[in-house]
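Once you've had a glance at the structure underneath, I'll fire off some questions.
Labels for the chains are A, B, C, D, E and F, by order of writing; each one numbers its residues from 1.
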Amino acid sequence: MLLARMFNALDRLRAPRPVSAHCDLPCGVYDPAQARVEAESIKAIMEKFNASDDPYFRDRATLIKEQRAEECNHHLDVLWYQYFQPAHLEKYPQLHELFWSTKKLTSQAKRANDVAIADQLLAKINEIADIFWETKKA
Amino acid sequence: MLLARMFNALDRLRAPRPVSAHCDLPCGVYDPAQARVEAESIKAIMEKFNASDDPYFRDRATLIKEQRAEECNHHLDVLWYQYFQPAHLEKYPQLHELFWSTKKLTSQAKRANDVAIADQLLAKINEIADIFWETKKA
Amino acid sequence: MLLARMFNALDRLRAPRPVSAHCDLPCGVYDPAQARVEAESIKAIMEKFNASDDPYFRDRATLIKEQRAEECNHHLDVLWYQYFQPAHLEKYPQLHELFWSTKKLTSQAKRANDVAIADQLLAKINEIADIFWETKKA
Amino acid sequence: MLLARMFNALDRLRAPRPVSAHCDLPCGVYDPAQARVEAESIKAIMEKFNASDDPYFRDRATLIKEQRAEECNHHLDVLWYQYFQPAHLEKYPQLHELFWSTKKLTSQAKRANDVAIADQLLAKINEIADIFWETKKA
Amino acid sequence: MLLARMFNALDRLRAPRPVSAHCDLPCGVYDPAQARVEAESIKAIMEKFNASDDPYFRDRATLIKEQRAEECNHHLDVLWYQYFQPAHLEKYPQLHELFWSTKKLTSQAKRANDVAIADQLLAKINEIADIFWETKKA
Amino acid sequence: MLLARMFNALDRLRAPRPVSAHCDLPCGVYDPAQARVEAESIKAIMEKFNASDDPYFRDRATLIKEQRAEECNHHLDVLWYQYFQPAHLEKYPQLHELFWSTKKLTSQAKRANDVAIADQLLAKINEIADIFWETKKA
């Protein structure tokens, strides 16, 4: 799977792929990287929260993480109900459940500072990304 | 430069780079891809605007493009005043002017549907991205 | 734009019954009426758009309807991934598909002024509401 | 007054009433339930805050309650300056003072976790709702 | 009244006055200039709308004016329910009606491009400002 | 400089100056007072934070200050990339560095409650304001 992701990256360099924006025109431009970005932020914030014993810093970390989790959910949502179509669901019937559990992880990521949650979130986003890029090839 | 960008992409696969989020904790996670995403959307919207003669569709395209341009400016802004530090400015003294002109392109992108503006915006964002990734190697 | 507005303008653009709030504390307070409200607005806006030949009024109707559709989707989203739990999915396996198609209707409602779309959206929301209230009784 | 509210509720079930949205087209669709929803959330959050001794949970409760209070004020505001007209003020001269004191309660609800404040807020919203539904009958 | 306003301005230079922000901490910092700013923008946008026959420009003007009107209403709202206290209402019993009619002007400013509306809005804001600065002296 | 600022204030009374709004139509209406307002709020919040030993109050102060700092940065940003033009940069080559360091102060203002930071921020905003009003005279 790493090899596939490498080739996707190279593909994107040769012919820059459309990227995600919350558009709904529709502009036809999507990319799971936006959700991944927020998940990476969430993980970084959790790590810094755990490494700090300054209550003021922790306060701000909590506030900012809440926002990143919201953003992450938003980018996932756009992919789910705007990008994916019924034909995709036939090929990947697990999509609904996958998005649902991934979005639930954004809620969990707000409620705790357990980095394992962030890692699960990133893993799920990569699953979604793999399916997404396969549909782009099709 | 294409080669450098390819290697950056591969680097990011082996050791996923931090990506951008509007964090200011700081979470230490930045990536020009977020700005590029919005610029790609802007270009797609302009193309669809120009290809359509439906005033209702064009209305929505205008509204949505205004939002993407705002988002693009926001992501650029975060890179400029949160990521870049005085040490970077010594090595890349053109940074302020580069960000300023790129942000001005987001304004121009709102005011017209000339795809050349979107192409200029994308080119400038790639300039910023090149500098960004060089600083990451340093 | 206010932080709640900036961070979450999105919350806004973004009941003796318990009602829905975008809470995710979780506050345990949900109600499909919030989504229904926005759908009623969407329908009213479509009707007024169709009844008017004033391009200025129609411009504003388009802009405002885009926002209501976004809000509608947001309220649906909160119900789907925050309220409903795996146990509910066992009893109502159609939930994912139901939410997915309902959210897709909010997209369609942006793209046209066909009141039939609004009626379908309201009907789907009522389906969701029926299931929701059954789970509350259980 | 409870009887009136029961009948209003039954009315709304038989012929769903228009509900509130921040529209200002105007879409002509209003309902005090939106403000009540947020007040119910505020009360639930206060109760959970008081029942918890986890500073992290309390942090999030504070942040989320601030947002709900803002939303509550927003919905009240729309009713006050968009729905109510001079003719209503003649019949209900207490409206300005009622809205003013209710909005001030949303501020108080941010500043403390005294459930009595939330109860006062809900009571005031019900007063507003009673007047609102009377004007709808007129 | 001009003389009073001049002296207020000089006062503000000698001992910089607190200025308005939507704070509700409360931070104790308010100024009607924020509402006036948005009203000046609204007027400028109306003038440009009327001077242009470019439907694309007019589209953007409509969208942007809707936002400024919202912002104007928000700043007025903060003054009304956060700054003013019952003691002020005793001295200036016209406050509620004054804010109500001023906020209604922000709605009217969305619905038309009649500069007279913007002038009325500015005049009302100045009335509010005069009372505000009198209360500051008291 | 105080004298110049006094006369600017009087000028603004005789011929009300355009004020700032995040417009980008462009509406041509700008004023550094909007950024100053937020900076004044930030300072007031820091002072109240330091004067209080109530962790709940301090929590809210932190949340609200984060928002004001964001707003402050936004108003600065609009001035920088929307108002100022290449001709201004020729006369005031220090503008980019001035805005950059001022925006960095909004970040610092989030991360600590050192009133000296707020004072520096206010001083920088006044520098920007002085240049702004000079360009208006030119």
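The criterion applied here is as follows: a contact is a pair of C-beta atoms (placed from the backbone, for glycine too) under 8 Å apart; a residue touches a chain by one contact, two chains touch by 3 or more.
In this text the structure is predicted, and so the values were computed from the model without any measurement.
Fewest steps needed to get from chain A to chain D, stepping only to touching chains, is 1.
Between A-C and A-B, more C-beta contact pairs are found at A-B. Both copies, chain B and chain C, contribute mostly unmatched positions to the interface they share, with under half of the numbers common to the two.
Comparing A-F with the candidates A-C, E-F or A-D, the pair whose contacts agree for more than half of the residue-numbered pairs is A-D. If each chain is reduced to the centroid of its CA atoms, chain B and chain F end up 25 Å from each other.
In this assembly, the C-alpha centroid of chain C lies 33 Å from the C-alpha centroid of chain E.
Look at where the CA atoms of chain D average out and do the same for chain F: the two points lie 35 Å apart.
Within chain D, contacts with two or more other chains are made by residues 24, 55, 57, 59-60, 63-64, 66, 110. Within the complex formed with chain F, the residues of chain B that make contact are 24, 26, 73, 77, 80-82, 96-97, 100, 103-104, 107, 110.
If you check the complex, the residues on chain A that touch chain F are 55-57, 59-60, 63.
The part of chain F that touches chain A in the complex is made up of residues 55, 58-59, 62-63, 66, 110-111, 113. Contacts from chain E toward chain F in the complex involve residues 2, 5-6, 9-10, 12-13, 16, 18-21, 23-25, 27-29, 31, 33-34, 36-38, 40-41, 44-45, 48, 57, 60-61, 64, 67-68, 71.
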